[in-house]
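Chain IDs A, B, C and D follow the sequence of writing; residue 1 opens each chain.
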Amino acid sequence: MTNPPNYGSTFHAWRDGAAGVWRDYTHHAFVEGLRSGALPRASFLHYLVQDYVFLVHFSRAWSLAVVKAETLDEMKVCAGTVDALVNHEMALHVRTCAEHGISEDVLFNADEEVANLAYTRFVMDAGLQGDFLDMMAALAPCVMGYGEIGQRLDREGSAGNDYQDWIDTYAGPDYQGLCGAVGAMIDAAVERRVGQNPQTAPRWPQLQARFTKATALEVGFWGMGLNPT
Amino acid sequence: MTNPPNYGSTFHAWRDGAAGVWRDYTHHAFVEGLRSGALPRASFLHYLVQDYVFLVHFSRAWSLAVVKAETLDEMKVCAGTVDALVNHEMALHVRTCAEHGISEDVLFNADEEVANLAYTRFVMDAGLQGDFLDMMAALAPCVMGYGEIGQRLDREGSAGNDYQDWIDTYAGPDYQGLCGAVGAMIDAAVERRVGQNPQTAPRWPQLQARFTKATALEVGFWGMGLNPT
Amino acid sequence: MTNPPNYGSTFHAWRDGAAGVWRDYTHHAFVEGLRSGALPRASFLHYLVQDYVFLVHFSRAWSLAVVKAETLDEMKVCAGTVDALVNHEMALHVRTCAEHGISEDVLFNADEEVANLAYTRFVMDAGLQGDFLDMMAALAPCVMGYGEIGQRLDREGSAGNDYQDWIDTYAGPDYQGLCGAVGAMIDAAVERRVGQNPQTAPRWPQLQARFTKATALEVGFWGMGLNPT
Amino acid sequence: MTNPPNYGSTFHAWRDGAAGVWRDYTHHAFVEGLRSGALPRASFLHYLVQDYVFLVHFSRAWSLAVVKAETLDEMKVCAGTVDALVNHEMALHVRTCAEHGISEDVLFNADEEVANLAYTRFVMDAGLQGDFLDMMAALAPCVMGYGEIGQRLDREGSAGNDYQDWIDTYAGPDYQGLCGAVGAMIDAAVERRVGQNPQTAPRWPQLQARFTKATALEVGFWGMGLNPT
């Protein structure tokens, strides 16, 4: 029950390597507020608006991953993720915000906070500086962290939770399927470029460092959600 | 009947600006061979294999356009084009090549000829050097040129043409709809960045130059198709 | 005496457009601490280590500007700035840190704080998303803000100031010459791409927004300096 | 005497791996014409104008390498190469062309031929798609091939050769020193990312393929020189 989700062996190793930071991220007070339902609505809406802007740039980042892909499968998984983000995940935000009188145009033009832009631009630059794997290491904490949080909150969440819609999105089969597909694709991408024992390869510490830094930036993102400016 | 297709006012202006080169491209001997059906099968297959590799990099280029987009509409049209390329246009190539015993894996790893890579890498670099419009000016000749050729060949093609399948793909409503959507999006992108009289703007000659150079590279691509090495 | 420095008309307009944020940046408590000499040494060293890492990525950013340049003059000014950063400005940091027992290797591998990476990655992504001007709007606050601060502190700084070495670096003729050259190059780049009345051009608000956001990120950088974690 | 120059072990392996294509490049009829002095002046001038445009984009490519660098040494060598290209190697072209009445402005705006742009844009895209090593594999054939050709022609060239100025540039200590520095930096970059037995690493074939393709594009560049359009 406390087992990590099965999103592939590379994710498993990166997650272990990030240890405490990973727990800070996946068990953040913001997440616990979603779980118990005690998260103030204002915090959630603040987060949701910022997360919409985040998803705009995250879609741009996954598009850069298509640019960097070297196999047809990598291209298809990354292009499919762009589609899932632009046409599905963002729809949750648009729908929920619309219920609170916030239009998509307002969302698209919301002022982006530092803790928000720091993560997406870090990912973009990982793609500009490194190769496909450098970018995957920076993208994975968001994709898979949300999958893991969704699964846990689905098991542990309070009944009649105000945030059930959010939990269902990330615990649901579409999103979990995405995490599994991305994880399998990353495993193949690692084997193709680094071989079968990637953790002993010279570049592993650099990949782990990107994953851990990106996870720390996610911690900052939740913190921003908790403290609307 | 000889009117150019209606893919927006920007395309119309760029097409006029490229004049003779545009005609060299859209009335190339290779195209006339498709029209009459006299194109040797070996030339067509050679072209098809190279064009598959072209579409791989062209999909990467449209993905870079998503990275460069600045409005939700720009993102959606470009992401939709990636999807159309990866999941539909390339299917024609895979299907036709399979009929001749060429697998998709062979296609993906075919040796890329100079006239082929010159165009896609020119587009990628236009995106790296310039903004979204610089990239659109380099992408448009391929997207819309094929649309225009498809329309004309559908009107003028020989009955019982061996290449009817190719003609149908580009003359069909899906592809023509894509050209219209891309053209409308480019018009909006130009107005947003350059204003309502873009042809008097300082950067217009540069945009025109990118379109014209890209068109010349398309001429080279047909030439490569005619002369299998 | 309170006139802004003469770094060209584009900078002048952007600076006016950023108004209050520009003042928050150039008159930040950190800056006033440098002026009076009251800034705690620990804050300064913390800032200096982070600023070294900043300069590494800022050099990468100016190199991306060379990639995006479209005239020989743009290439030369940007390449010259990379040289000035890598071979001169960073030397101040290395020298000062060495006096306090911090080696260049430690500097290069220092853990980069969020307020630090947010700015440089924002600049990189401005370059990836937009054209040369989008990147200049994001780069200018750092280059010219330091020039303006250097000039003012040189006039207003306390005698026997502990931070005279820092002030001299940015008030000195080399750095001021760099600001002037960059400013003149930006003016020419704007005229070439947008024309002689750039402030009425459709894209001006976007350029101003990039400049203002980058200035706000500089405010965050000083804040980080004041509060070593 | 027929030994390859000592530009490091990675270059040595890549050169061996390219075999026949490397010989086609370094012993091309154009090169033999430089050696004997029999190359028509018109061909040389045509080449020189195209090579000037090539160097503009090659400088942009080395600047992208600074963006992709991950150590201070990598940054310094790449930034130094940009400086050598912009401020020294291009000067030979400007000087020689000026003697024939061709101004630098004409050079900068010369129409770029397909065989020319194919190589530089291939390099840029290698940088966008891959990491620092992918880019080095694409850059190396030009830098080191010219070094090797310069050395050989210096030994074997006819006395009183009309092209002695060209030969001296590439055989001279400045250029040879650059080749040695780049080669040593590449060796360190390979060890850092792939380890001490890079030729057994999964990504080696891909690196070799980029080097070999880039070499083939250099063959095309000489061919263009021989056949002014």
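Throughout what follows, a contact is a pair of C-beta atoms (placed from the backbone, for glycine too) under 8 Å apart; a residue touches a chain by one contact, two chains touch by 3 or more.
If you're wondering where the values come from, they're calculated on a predicted model, not measured in any experiment.
Note on connectivity: the fewest chain-to-chain touch steps from subunit A to subunit D number 1.
In terms of the stated touch criterion, the partners common to subunit C and subunit D are A, B, listed by label.
Taking each chain's centre as the mean of its CA atoms, A is the chain most distant from subunit D. Of the two chain pairs examined here, B-C and A-B, the one linked by more C-beta pairs in contact is A-B. In terms of their C-alpha centroids, the spacing between subunit B and subunit D amounts to 32 Å. One simple way to say how far apart two chains are is to compare their mean CA positions; for subunit B and subunit C this gives 42 Å. Subunit A and subunit B, compared by their mean Cα positions, are separated by 34 Å.
Annotation for subunit A: residues touching 2 or more other chains are 60, 64, 67, 124, 128-129.
Here subunit C touches subunit A in the complex through residues 57, 60, 64, 112, 114-115, 117-118, 120-122, 124-125, 128-129, 213, 217, 220, going by the rule given at the top. Residues 56, 59-60, 63-64, 66-67, 69, 71-72, 75-76, 78-79, 82-83, 86, 104, 108, 124 of subunit C are the ones that touch subunit D when the two sit in their complex.
If you check the complex, the residues on subunit D that touch subunit A are 67-68, 70, 128-132, 134, 191-195, 201-203, 206.
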